[in-house]
Amino acid sequence: MRDLRFYGLTVLGLVLFPFAIHPIGGYGGLATQILIVGIASIGFNLLLGYAGLLSYGQAMFYGVGGYMALLTVSRFFPDHPNFWLAIVLAVAFVTLMALVIGTLVVRLYGIYFALLTLAFAQMFFFIVFKWRDLTQGDDGLQGIASPPLGLGPWSIDLTTPFPALDLGPFGNLSDLHYWYVFVAIVTLAVLAFMRALVRSQFGETLAAIRENEERSRLIGFDPKLYKLAAFVIAGALTGLAGALRGLYETSIAPDSLTVETSGNFVIFTVIGGVKTLFGPLLGTGLVMYLQNVVSAKTDAWRLIEGIVFVAVIVFLPGGVLGTFGRKRARTDLARAVRAKPETTP
Amino acid sequence: MLDGFVRGLVYVAIALGLTIVFGMLRLVNFAHGAFYAIGAYVGLVVAERLGIVAGLIAAPLFVALFAVAFDRLLLRRFYDKEPTSQILVTFGVAIVVQESLRLIFGGTTRTFPIPQALMAPVNLGFTEYPAYRLAFAAGIAAIVVLVWLFIQRTNYGLIVRAGIRDRTMVQLLGGNVAMASTIVFALGAGLAGLVGAAASPIYSVDPDTGFSFLVPSFVVVVIGGLGSFWGAVLGGLIVGELQSLTTLVLPAASDVVIYVAMALVLLFRPSGLLGESEVIRG
Amino acid sequence: MSDPILETKGLGKRFGAFAANGDIDFSVREGELRAVIGPNGAGKTTFFNLLAGVARPTDGEIYFRGERITHVTGSQRVARGIAKAFQTANIYPDETVLQNCRLAALARVTGFFALEVLRSSRRLAEVDRIANEALELLDLQPLSSERAGDLSHGDKKRLDIAIALATQPRILLLDEPVAGMSLEEVHKTDGLIRGLAKRMTVLLIEHDMTMIMGISDSITVLHQGRILAEGTPAEIRANVTVQEAYLGGHTEGHL
C-alpha cells in the first residue's frame, strides 16, 4: 500500500508541478530546471543526510557531466550525435571520476573531508577553465542542440512543446515541452531508486555507520567501502543531472564547477531537509523559485536565501520537510542532525 | 618574487585568524573571508572621508565588534556541535554578509584612495617596488609578531592556551574562558578586517572578495597545519610564492597548483607541515 | 596440550615514553575462561584493544589460531572470530535492541561490504535467527523493540555483549561486564558467562574478585603494563607479589 501511495503521490506531484507554480510566477522551463538540479541535490543528500559526509565539491561532477555530454555530441561523435550516448558517456566518466577521487577522499573526516572535496573541485574548475582547446575556457560550450531522443522506432525532439491549451491561471499547456516529461520520468526513477536504497541492506548499514562508526567497524563492517559506494552513487547522480542540464540548456560554462555551485547543493538540501526523500527537491524548488521569480522583484533575493539558510540551520536543523513532516521523522531527524560524533547518551 | 611574498603575507594574516580560532575554539569558520571583506569596505568608506589612518583603525574595530556580536548571538550555540553544522552556519553567515555588502555598496569593484606619495616606487637596489607594498609587508610582519606576543606573553593568551587543553579546569581555577574565547575570536576577526582594509589598495575590492580569499586561506591553513601559529605563517608564504613562481614557469597551472598542494597535504600529512597543535604554539 | 587459540609474543603499546603494555607473552587455549586482572592502570583495556584490533601495537606479534594477525584490521578480526564487548557499552542508541543485534548478525552473514542497494536485509532469515539467539542468551528478548538508548546501564552492557555474540565469535573479550551492576544482575551475568564459556573461549577483565575466583579456569595478572603472574585461581590467591601489587590498587572483594 505504501508503495502505491509513494508512486501515486509522486507522479501526481510531478504532473501538477509545472502548472501549480504558474500562478506564483513560475513557468515550464523553470520546472524542468528545478527537477534537473533537484536530482543533483538528491545525490548530495545521500552523502550528507545518509552517509554523514559534507562534500563541498559536488560541482565537479555536475560540471564535468555537462561538459562530457555536450562534448560527446559536438566533438567526440559529431557525425552521429546520439542522445543516449551522450548521457551514458557522461555518467560513466563521472562515475569513474568519483571512484578514483572517492578512494582518496573517504579516508578523511569532517572538515578535512569537506576541504579535500573542495580542493578537487577547484582543480577541476581550473582545468576546465584553462583547457581552452577542449572546453573553450571562459566562453564555455554554446549552441549545441540536443540530439533527439531515440526510443525504438521513434525519434523524439525534446524541445517540442505541447499543443496550445489555455489553462487560465495555470498558464498554457504549450509552455511545457517534452523535455519536462523526460526529466520528470528520470526524477521519478531517481526517487524510486533512493527510496529503495534507503530501505535496503546497504542503506541500513550506511545508517548504522553514520550512527556509530566505531561499533560498526567492530561488528565487521568496513565503513570506508560503504562511504566510497555512497560517494560514487552520489557522484553518478550529480553527473547525470549535469548531463541533463547541459543537453537541456544546449550550453555549459565553467561556472557549473565553482564553489558557488557546490555551495548551492548544500543550501538547497539543507533548507529542504537532509535525510528526507523529498527534502532536496523541495529545497531546490524553493530556492530556485527565489532565484528566478523573486529576483525580478528585488535585488535582495540572494540575501533572503542566505538568511533563510542560516535560520533553517539554527532553528530547523531537519530542514523544512524534517520539521513539518511526520512526527516520528521529526524526532529522528532532529536527533540525528544534532548528534555529536560520539553519541553515548 | 616580491609579489608572491606580499600576496603570501595577506594569506598569512587571514590564515592566522582562521587557525587561531580553530586551534582555540575548535571552530571551523567559513565566515572568516567575510571578516576580510567587511574590513575592506569599512576601511574604504572611512578612508574616503577621514583618510587612510582612520580607515585602518576603523576597519579592524568594526569587524571585531561584528565578530563579537556574531559570536554571542549565533556562534555560541555551535561550539560543541559537530564540524559539519559549524561549517554550514558560518557558510550561511558568509553568504548573508556577502550579499549585504553587495546591496549596500553595489557590485562594482572599488579601489582604495591612496596618497600619491605612497604609490611611488622605492628603489631597493635590485629592483623597484611600490612604497605602499613595502609598508604593507612591514606592517603585516609587525602584526604577526604582536599577535604572537599577545598569545605567548599575556594572561589572556595563557588562559586561551590552557583553555584549549581543559576548558572546565580553567573555569574552575577562575579563568574566564568565555571572555578569553570571545577576545581571541574578535582578535582573529579584527586581524582579517585590518588586512582587508590594508590590502585593498593592492587588490581591489568587490563583494565576492570574501570567498575569493577564504578558499586559498583554507589551503594555507591546511598546509601549515590547522591550529598552528607558525604553520599559518609558513603556509601563507609558501602558498603565495608557489602561486607566483608557477605563474612564471607554467602559467596555466598557477591556480591549480595550490589545490594540488592542499590535496597532497590532506592525503599524506593531514596535520599539516607544522602539525595540528592543541595549543597555539610555535 | 592443544595449541593456543590466541597468543601474543612480546606485545607492547607505547605512547611516547609511556608504555601502556610491555613485553606481553600471552597464550590461551580454546575453551578456556581466562580472567585478566590487575590494579587500575595496569593496561588491561589496552591489552584487549590490541587483541581486538582497536589499537595497533608498537611492538610484538599476535597470533590467532596459528595465523599472524598483528596487522589485520579490527573489522577483519571480527570476521575471523574475535569479538569484544566494550567497557562502556557501545551501542546504537537510536535503534531498537533487536536491530542492534541484527546489524551485527548482518555483518556476519554478508561480510564486510555488500552493495545490496535494492533489497532489504529482511529477506535474510539467518540474520533474524542469529540476532534473536543472541538476545535470548542475554535474556533481552522482552526488550527487543525498545530504543537502545533508553535502556538502563546494566541492560546496555548486556546488549553490548549480545551484539558481540551476534557476530558468532570463537573468542569473546569481555571488558568489565558487571561493572556498575546490581547484585542480582551480577549473579545473572555470572551464570551467563559460565554458559558462554562452554561454547567459546572467553577472556574476561573484571574487578569483582569473588566472581573471578569462582568462574575462571585461569588468571593472568597485569601490573604496570606487564604480566606479573599467571595461574589457577588458587595459585593467584596465594601469590604474594600479586597481593602486594593490589595493596596500591583498588579491588572489590578479597583475594
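Just so it is clear, A, B and C label the chains in written order, and each chain counts residues from 1 on its own.
Following the convention adopted for this analysis, a contact is a pair of C-beta atoms (placed from the backbone, for glycine too) under 8 Å apart; a residue touches a chain by one contact, two chains touch by 3 or more.
These numbers come from a predicted model, not from an experiment.
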Check your understanding: Graph of touching chains, which shape: line, ring, star, complete, other?
Key -> line
Review point. What's the chain with its C-alpha centre farthest out from chain A?
Key: C
Practice item. Please compute the C-alpha centroid of chain A, do the same for chain C, then give the distance between them in whole Å. Key: 45
Study note, to complete from the structure: Chain-centre distance (mean CA atoms) for chain A and chain B, in whole Å, is 33
Check your understanding: From the C-alpha centre of chain B to that of chain C, how far is it in Å?
Key -> 49
Revision key, fill the gap. In the complex, the residues of chain B that touch chain A are 28, 74, 77, 80-85, 87-89, 91-93, 95-96, 98-100, 102-103, 211, 215, 218-219, 222, 226, 252-253, 255-256, 259-260, 262-263, 266-267, 270
Practice item. State the interface residues of chain C toward chain A in the complex, per the touch definition above. Key: 52, 54, 73-75, 78-79, 83-84, 88-95, 103-104, 106-108, 110-121, 124, 149, 163, 166-167
Review point. Considering the complex alone, what residue numbers of chain A touch chain B?
Key: 48, 52, 54, 104, 107-108, 110-112, 114-116, 118-120, 122-123, 126-127, 129-130, 259-260, 263, 266-267, 270, 299-300, 302-303, 305-307, 309-310, 313-314, 317, 337-341
Exercise for review: Would you pull the chain A residues touching chain C in the complex into a rising list?
Suggested key: 193, 196-197, 199-205, 208, 211-212, 214-222, 225-226, 229, 233, 332, 335-336, 343-345
